[in-house]
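I have a structure I would like to understand better, so I am pasting it below and will then ask my questions one at a time.
Each chain carries a letter (A, B and C) given by its place in the written order, and its residues are counted from 1.
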Amino acid sequence: MSLVAVSFIFLVVLLCLLAPYISPHDPFEAVARRNTAPLTGNVFLGADVDGRDILTRLLWGGRISLITGVIPTVLATAVSLLIGMSAGYVGGWFDQLLMRSLDIFFAFPLVLVAIVVAGVLTPGLFTVMIAIFIALIPYIARLVRTTTLSVKTQPFIEAARASGARESVIIFRYLLPNTVAPVTVYATTLIGMMMVLGSALSFLGLGVQPPTADWGLMISEGRTVLRRAPHATIFPGIMIVLVALAFGFIGDGLRDAMDPRLRSR
Amino acid sequence: MACEPNVDYGPILRVVGLKTYFHLRDGTLQAVDDVSFEVGTGKTLCIVGESGSGKSVTALSIMGLIDPPGRIEAGGIYHHGEDLLELQEDELEGRIRGNRIGMIFQDPMSSLNPSFTIGDQVAEGLVLHRGLTRNQARQETVDVLRLVGIPDAEARYDLYPHQFSGGMRQRAMIAAAIICEPDLLIADEPTTALDVTIQAQILRLLAELKDKLNSSLLMITHDLGVVASMADDVLVMNAGKIVESGTVEQMFDSPSHPYTQGLLNCVIDAETQRDGSFEVIPGVPLVPINPGRGCRFKDRCTRRFARCNREEPVLLPIERGHYAACHLCDSAT
Amino acid sequence: MGLYVLMRLISVVPVLLGVSILVFLLMHLAPGDVTSTLLGPMASPDARAAIRERLGLDLSLFTQYWTWLTLVLQGDLGVSWVHRHEVADLVLPKFFNTVILASAAALIAYLVGFFAGFVAASRAYSLSDRILMGVMLILGNTPLYWLGLILVFLFALTWRWLPATGMVSVVDGGGVLDVLRHLILPATASALPSAALVARVTRASYLEILNQNYIRAARSRGVPRGLILRKHALRNAAPAILTVGGMELGYLLGGVVFTEVIFAWPGAGNQLYSSIVGRDIPTVQGIVLLIALAFVLINLIVDVVNAYVDPRTRTALSGY
């Protein structure tokens, strides 16, 4: 299943990268009558409220969606590794201080943090990424810290220390690889969820602004003509679900590959 | 009365040609392969073998507790002449399990549900099989807790497993297994997880209870010391097959199968040789996934010969009541 | 047990203090000059100075925080910049509407999720298990707002069974039945993605528990399979299910922003959205504070219930 998911994501990435060359129309130009139904004339998946080709806009919009899913998650993972590992490794009051401050973020639902952060900043792609980035850090950092703590007490770390390995060697050769693995699995599953969140922010008008092609924004524009042109809402939603599902499957696959004990769960 | 109608001097349990296989991705694990034996009324039968020899699966098969991917492929399990394999799941639940046959598991730490009180779990048999309410069952349960040697049973009835020590938990497990006075008690390595000092107490308790309740005991163990002190009859298993069976005297006086001899040598050497040079059975136990032709012990046997590779030995009588599955014991060779 | 509750209550205090600092800082994190938001870009410097003084923006940050916090603790959340109302008066009735929506959604999510997970676990690896969990997996990856629109399209626009919007006030008007009619769609839309997670967790924890030795021991005593599922395994699986349930209730409180906007539900989420768009910072602060309070409270209750369900913590802590 995860192999299918990887191929699907690969295909989507490829098509979105090639959007300027393969898309049948210009994403910003009206090419058909407003709200044209799918499979009519020159628009395979129909046209939106402004007569723009939905297939073209799906291809272009995929770029934004993938970016909002991947980039903030990767950056948040990097920063969380730094925070979580130093907290878990140094321990003591430093650990307490960092983790208690993160606790404060856990008092807000993740979605709320993203909405409020995006809301106070000027809307745009950058804002979406910042909002997701900030909202994610507490969650990943907490996982990194717990993993670090459990790896730190493993016998092989003590063995390395007993045989005189320097701290830097212990951190980079032993601690880091063993912490990165489970965090990567978690981050992969987060990518899909964050893509959904990013599109949701754009849907609310707090993210990417028109006329940019973005799946969340397309749903928001389709909403105004939901009765007459449901396809304008349905297609981008299906794309979001499929890509989010695929990232979930890849995460599951990675987890199984890294920890055979979890297999068949 | 001249004769008591309920007295039946035949075996209480007769297992015939039992095959329990596990269908795994890598092939079929023949965990129990064509195993037949009897537990005589009032007797103690010990099944001996290393881990993976199929002895626990045999016990679980008798209880009807084999879950997929495991499956009982063939055979009969006759309890008082009634084939348990013919019974529906609800009949097994309602009449047999916990009522006529009680089972004690290896690890008392994980075999009690941490979320229910000891009393709740011990009394369960009375509630399910006698239709008592919890309150009605309480006094009888407390009596049984006392019987298995739990001091201050009235107060401990309402405690949770985590408030019990390992030995006390095993006593509670035994209480739960005997509460309906079953005529057959199955104990799967009941002392393995316990401290040495506690082990002897638990064994003594099991022997006493067996006599008190007039029941029979099927005990699974890898400890030959336990066998020597408890067993009337012994069954030695290796890789899903019975390799030797007989009375405890026959087994200790004239072990016939090289595997049994090896097991006994390990013990004798450990007791006599102080220099640490014990004799061990070489190699690791065969895992019977799609086993090839020939004897399943041949790769570890020091005395194998050509026929062992070709042909699988069958259980043949050596003397009255003493059987072994080895070509060396086959007088025709 | 009592001590545990007390300790847990105390641990909430620093968190709430931190929450109040973050919420207070919202006012200062927003880019641009506050006075421009209030008076427009053409305002005279004198007017700006006057309003800065009135809001206390000239004072030190700490003094401002202290003043704000003392007022908040007395229930005074300030005055809305847009509506010229007390924020508390504006927000509290809407928050009540949100609580109604979120509770209905939570109820649906738990019922659907638990039942689906229970059925899937009791027929694990069968076809019905695979289909059920497949549907749940898709629902779990579906954006809330899109699901809401699809429900509107199907039930309100195409089949015309249920109203999509039109809920003005829960308290006055059409009575309970009318509220229920308006509640079904938004509550279902909010609930389904959460139900998916509850189902997955229920199934996973059930399967884990069913593999435990004590379950086999219970079966050896003749406990029927149905009773194992309903009683023995349930009590052990409960903590994991409850914890996720609590987390999901928090997620619902965040997610209602979308459902409230789509279904025009007169709740705090809808108000938060329009206040964010209108840069009405005091109202945003008030709503965020309320949601955070509710979230912290839910987590507290879940922890206490879990501690009570698990006899290990219950008995260990009663001894003190």
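Just so it is clear, contacts are C-beta pairs under 8 Å (C-beta built on N, C-alpha and C of every residue); 3 or more make two chains touch, one makes a residue touch a chain.
Everything numeric here is computed off the predicted structure, so don't read it as measured data.
Chains that touch both chain B and chain C are absent from this assembly.
The chain with its Cα centre farthest from the Cα centre of chain C is B. Averaging C-alpha coordinates per chain places the centre of chain B 53 Å away from that of chain C. Spacing of chain A relative to chain C, judged by their CA centroids, is 22 angstrom. Once the centre of each chain is set as its mean CA position, chain A and chain B turn out to be 54 Å apart. On chain C, the positions that touch chain B within their shared complex are 125, 212-225, 232, 235-236, 309-312, 315.
Within the complex formed with chain C, the chain A residues making contact are 100-101, 103-104, 106-112, 115-116, 119-122, 192, 196, 199-200, 203-206, 216, 219, 222-223, 226-227, 230, 233-234, 237, 240-241, 244-245, 248, 265.
Within the complex formed with chain A, the residues of chain C that make contact are 14-16, 18-19, 21-22, 26, 29-31, 137-138, 141-146, 149-150, 152-153, 157, 204, 207, 250-251, 253-255, 257-258, 261-262, 272-273, 276-277, 284, 288, 291-292, 295-296. Considering their complex, residues 63, 65, 68, 89-90, 92-94, 96-99, 102-103, 105, 107, 110-117, 121, 124-125, 128-129, 160, 162-163, 173, 176-177 of chain B touch chain C.
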